[in-house]
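See the structures that follow.
What follows is a pair of complexes built around chain A, which joins chain B in one and chain C in the other.
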Partner chain A sequence: MKHILVIDDAATVRLYHRNILEGAGYQVDEAINGIEALEKVLVQPYDLFIVDVNMPKLDGYGFLREFRSQKDVLQSPAIMVSTESGTNDRTLGYVAGANLYLTKPVKPNELLSYVRLLIGDLA
Partner chain B sequence: MAFIKKQTAHVESEDQDIRGLERDFIGLVAELDSDDSSVRRWAVRDLMPMPESSQPLVKRLTRENDASVRAAILNALAHLGDSVAVAGLVDCLRSEDAALRNEAIDVLKEVPHAVEPIIGGLLTDEDSDVRIFAVNILESLRHKNVEQWLIGVIEKDTHVNVCSTALDLLTEVGTEQSIPALNLLKNRFSDEPYICFSVDLALKRIANGSD
Partner chain C sequence: MNNLLEQFLSEGRDFLQGIAEKLMQLENNPNSTPLMTELFRFVHTLKGNSGLFDFPEMTRVLHASEDLMDAVRNGRVNYSQELADQLLEAMDFVGILMDEIEVTEKIGTKHAIPAAELAKALRALLGNPESETAVIEDISPKNNAVISWADLPSLKLPESIAEKLYRYAIDGDAVFWLEYKPESDSFFKGEDPFFLMRQVRDTLWRKVVFNNVAQTLEEMDAYSCQLAFQLLTIAPEEELDDLLRYVPDETKRIEIPALAFVKPQGNEDDHPIDVEFINNALILLDVGDFDALTHAINTMLELSASELWSSSALRWVLRLIESEPDNKIAQQALLESLQTLIAPDWSEIAQTIPSTNTTTNSSTSVNSQVPDDSLLLGFHEVMNTQREILSLSPHLSGAWSEGRLKAVAATLLGCYRAVNHDYESETDAALQLALAENSPAPLLALLESSLADISKLSETPKLEQAELVAESAVQDANFGRRAEDVTAVAGRRSEDATAVTPNKTLKVDQEKVDRLMNLIGEMVVAKNALPYLANRAETVFGVRELAREIKSQYAVINRVAEEMQDTIMQVRMMPVSFIFQRFPRMVRDISRKLGKEVELVLEGESTEADKNIVEALSDPLIHIVRNSLDHGLESPEIRRTAGKNAMGKLLIRASQESDRVLIEIIDDGKGIDPDVIKNKAYEKGLIDEATLERISDQDAVNLVFAAGFSTADVISDLSGRGVGMDVVRSAVEKVNGTVGIESVVGKGTRLYLSLPLSMAVTNVIIIESDGQIFGVPMDLVVETVRVKRSQIRTIKQKQTTVLRGRIVPLLSLNDLLARNVEPLTNEDDEFATLIVRVHGEHVGILVDNFRETVDIILKPMTGILGGMSGYSGAALLGDGSVLIVLNPRELI
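Now for the complex of A and B:
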């Protein structure tokens, strides 16, 4: 079973993503900010990350920059999901190491399509 | 005894060298533009007790590249907490620098007395991103009007992400007085699965009396 880490400081958003992903057969873990996510990737490899941008302590950009610099952990794809739709925010996401930048709110079918595409799980 | 006094004077002299020679307001403001980040950091620290420091600190904030100096400035502005400091922090919400935006949000959460008079304006700002950040500030503001402000947002704001951000928080703090606004929101955004999901969750939590 493919393992996905959802990183978002909003509990409702984490639950929303968890419901969608678990409903499609994925195993899901959660982290409430970039720091907690970095701690989790040290002990558990993940097949995909869904990363919010604005989070306390360490935001999504900071998480991806730090994660992408760690060559000894599995460098899985990351979907950045944000309320901010500006070109600059999108560019910053890709520069930090996102594979895809989506603007909230994300519809379930849209999210699952991109997850399957990036995780190599297409039927 | 005399020996001890002499030694103390020597230490103070060294400390003075590190922190610069002039510790008056004008000298400290000048040191905010020093090329040496430790000099700038000390200047920020020594400006903090001076009430007129907000303006030069705000001016320095957006140009400051050193993370530790920036943290010191933000800490000083939170300590000062006057209208100039808060206005400077609010300007940071419009910055292209995501880290600065987040840092400003964290500081504004710490000064509820200063934020209260301006939160209404932020929640109706023409920039939807600023309205979202304003809701983020409410998250930890610990103010008695938080629920009422959030109800106002989900009743009136037309931007789905502003409403969804308010909804995220209302799911945690909402009471029975939020129920009509929640139902109205679900009707307004009936084609948005996330809004419907969150409203249902909020209503369920309110019904269960969950904290």
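Now for the complex of A and C:
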């Protein structure tokens, strides 16, 4: 069972992702900001991260920077999901440690095919 | 309503509340950056959430608000009162939309225009946003390929379909136009044209046309096939060849280039778009500032109706920017077409347009290998992204942390696995090397070589492909089982999930709680039957042992039932802050409208009461607060001349006193002048001349609660509304509350509401009258007395008695209920008299006899009986009989 951590401060967006991912048979955990996400990733490995950018306390960039500099944790792929579609935001995400940058709202099928790819599930 | 929409509405309302609060706070502290950031985040998140649904009106307004807040946050626009008002108005609008969505799950078309106007007003505050710093992309020249535009059919497709087809074509899927004109005698040759066309997979659009329009109805031969089938498909070429191998002469197939789908459409009755906008857009396009261009187009789109031709064209420009950022010629042609409203002629332009880029070509070739097309498209995108990440210039990227290299390696590995290639050892080796060298180069090398391998593989002989297809078929066969596994695990997973993220609060439908409440009420009643049963066991059946056992069991059930009742009551408790929270906004709005300065102080917001009570309080409180602002507090000038602080003070305080909630609304305004009230009441005929002379000042002030009393000379739109404080009184009394007022002229007014904590369980006294039993709520009962016949006097033709020095009017319950029967007396010739408090006065009700008091769950009368105000409801008693509960306030 692949385990995915959805990090977003909006409960609606978390539920949206949870519905899609659980529907496809993934196990989903949620975190409401970067700090909470860090607390989770340090005690448990995840196979994929779906990270919002704009969050209180610690934003998506901050979370990825912190997480990617941790040793001895499973460094799984991260999909950054943001409302900003600019090239700069994209590059910032990649520099912080995202592996893919998608623009909100992500369509369910689109999200799922990327998740399958990054997680390595056979079609 | 689905759970996502529910979540959206519930979270959305929280955000609206939050936005309103933050705006209030900003008012006192307009330069606070944390507040501003927080406010922006609220609007931003709300907009993001709304984007998950198809609510364009809401998203449009929120988007404009977000842009505005972004500008404020970055200091481009100054925070102002006007801006706050505009934002509040926008949020009110969003709130209205949410209410509508809650009921209808959609937004009515009537909101489109107000939404556009609001967005426009918000953007007007924004002024001209400076364009962001230009990012010039590196454009590598692409190979030119020759496309035959000559025999392209003229396509008339809905924009959504055209968009889909365009994306397929851009992503490297060959989109075929297929036309099939069956032979006219095909029906007799065992062919089934319709079935054949249905066999074509991945059809995105299909149409059947009548082939011979010139024919008249008489000439028509129903047995000859006169049809033509047209469709657009992304099915692989070989498959189409195979399917249509028997009808090669009747079919025509053309591969359609992506640009052929780029065809704006819509209402052409449209004004050409502002030249300035087009020029500006062309400049942005020229310098390659796609961010600013996208932003500008989005803004323009939000300001124009979506069904216009120009909107359609703008949307296509956006799509072109997204899918073919380097195809500037096409983008430019489309932008220029906005001036003429005539679609660009792609066949002319096509000669100069570079063809689709090289990577998509390779994806087409890999397509045949793996069943899931979208996966393959994604594969190349993800690979390209990783290439981009690995090639980030060092000054941007900074030092490569282990984590980032590992994550890229994990991503590559996932992708290889997803498309069924085993690169595990290679990836691992490359990662180790990369880590050792602290450089992305080895991973980049792996990426390039693997991509080459994967494209080469696709060119391997058919034999290998057949194997792959077989493999995928096996996977399909397994799929059913996999799906079952998935659902089995899903159940377990949701348990896990709750264990990992414990929810501190649970939002429950009020209906469910009410139902639980009703069920518990029924259980309380059912439980009350046990003592009767025990009694019967003993007296009727003579089994004393059993009777005792029933009684001891009853004690246990009783305890549990009481505990349940307590608990459910706790669940229904909610803090009064629920209604208090709207006051800051309300007081602010009203006082500004009236030109008054008011400081609002809220105290005891955490005081809790039953949900029904709190909700019942809402309207009366609003009315009282409006009254205080309108009539109580004076304008700053008058206050200053009266020697008061120009800023008026309004205090709303909640507190708990034993089993009641006390709410006070205190203002330091001009107070109520009893003489004014007295004269007014006299004028309106509420009191007679004699009363006018001797009424005390306090009683005079209380007259404001009398029905039909309103002191405002002009009924304003704030208080007034043609009703007075009597509405407040009756609303409060409905939930068994009381209301009172104290006032000192020139100093201020104190209004207080006293309400029960809960109205779930009512304590009533059972009385007998004319052979029937009735209940009377105990909170109205002052005392029960026996009045000797000799003590009853007739004053003004009404029966009264003197009780502890006070004259108490007496009424017979039989008279009240229109039963023409004398009340019974006991052997000492005494009447059983129930003294109740009604509208602050004591009244005696003569009944036949008193019985015990009981706790009941009072159910209001429904239907026709509901209109009988003399009864407050009915309840079931333990023995199963129904007790009618009287409402003495209305009865007397």
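Convention: the second predicted complex is superposed on the first by the 123 of 123 C-alpha atoms of A that agree within 3 Å, B and C clash if a C-alpha of one lies under 4 Å from a C-alpha of the other, contacts with A are read in each partner's own complex, and residues count from 1 in each chain.
As a convention for this text, a contact is a pair of C-beta atoms (placed from the backbone, for glycine too) under 8 Å apart; a residue touches a chain by one contact, two chains touch by 3 or more.
No experiment lies behind these values; they were computed from the predicted model shown.
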Given the alignment on chain A, is it a clash or a fit between chain B and chain C? clash
Looking at A:Pro108, would you say it contacts chain B, chain C, both, or neither? Reply first, second, both or neither. first
Which partner reaches more residues of chain A, chain B or chain C? C
Touching partner for A:Gly62 - first (chain B), second (chain C), both, neither: first
With the two structures laid over each other on chain A, which partner does A:Tyr94 touch: chain B (first), chain C (second), both, or neither? second
With both complexes overlaid on chain A, does A:Ala11 touch chain B (first), chain C (second), both or neither? both
If we overlay the two complexes on their shared chain A, which of chain B and chain C does A:Gln70 touch? Say first, second, both or neither. second
Return first, second, both or neither, reflecting whether A:Leu117 touches chain B, chain C, both chains, or no partner chain. second
Looking at the overlay, does A:Ala78 come into contact with chain B only (first), chain C only (second), both, or neither? second
Is there a shared patch on chain A that both chain B and chain C touch, and which residues make it up? 10-13, 15-16, 19, 54, 56, 83, 86, 88, 104-105
Residue numbers on chain A that touch chain B, as the complex places them: 10-13, 15-16, 19, 53-56, 59, 61-62, 83-84, 86, 88-89, 92, 103-108
Using the touch definition up top, name the residues of chain B that touch chain A in the complex. 96, 98-99, 101-102, 105-106, 129, 132-133, 136, 160-161, 164-165, 167-168, 171-172, 192-195, 197-198, 201
Residue set of chain A touching chain C in the complex reads 1, 9-13, 15-16, 19, 22, 24-25, 27-30, 54, 56, 67-71, 73, 75-78, 83, 85-88, 91, 94-95, 97, 99-101, 104-105, 109-110, 113-114, 116-123
If you look only at chain C, which of its residues touch chain A in the complex? 3-4, 7-8, 11-12, 38, 41, 44-45, 47-49, 51-52, 132, 135, 137, 290-291, 294, 370-372, 374-375, 377-379, 382, 385-386, 388-389, 392, 396-398, 401-404, 406-408, 410-411, 413-420, 472, 475, 482, 485-486, 489-490, 493-494, 496-497, 500-501
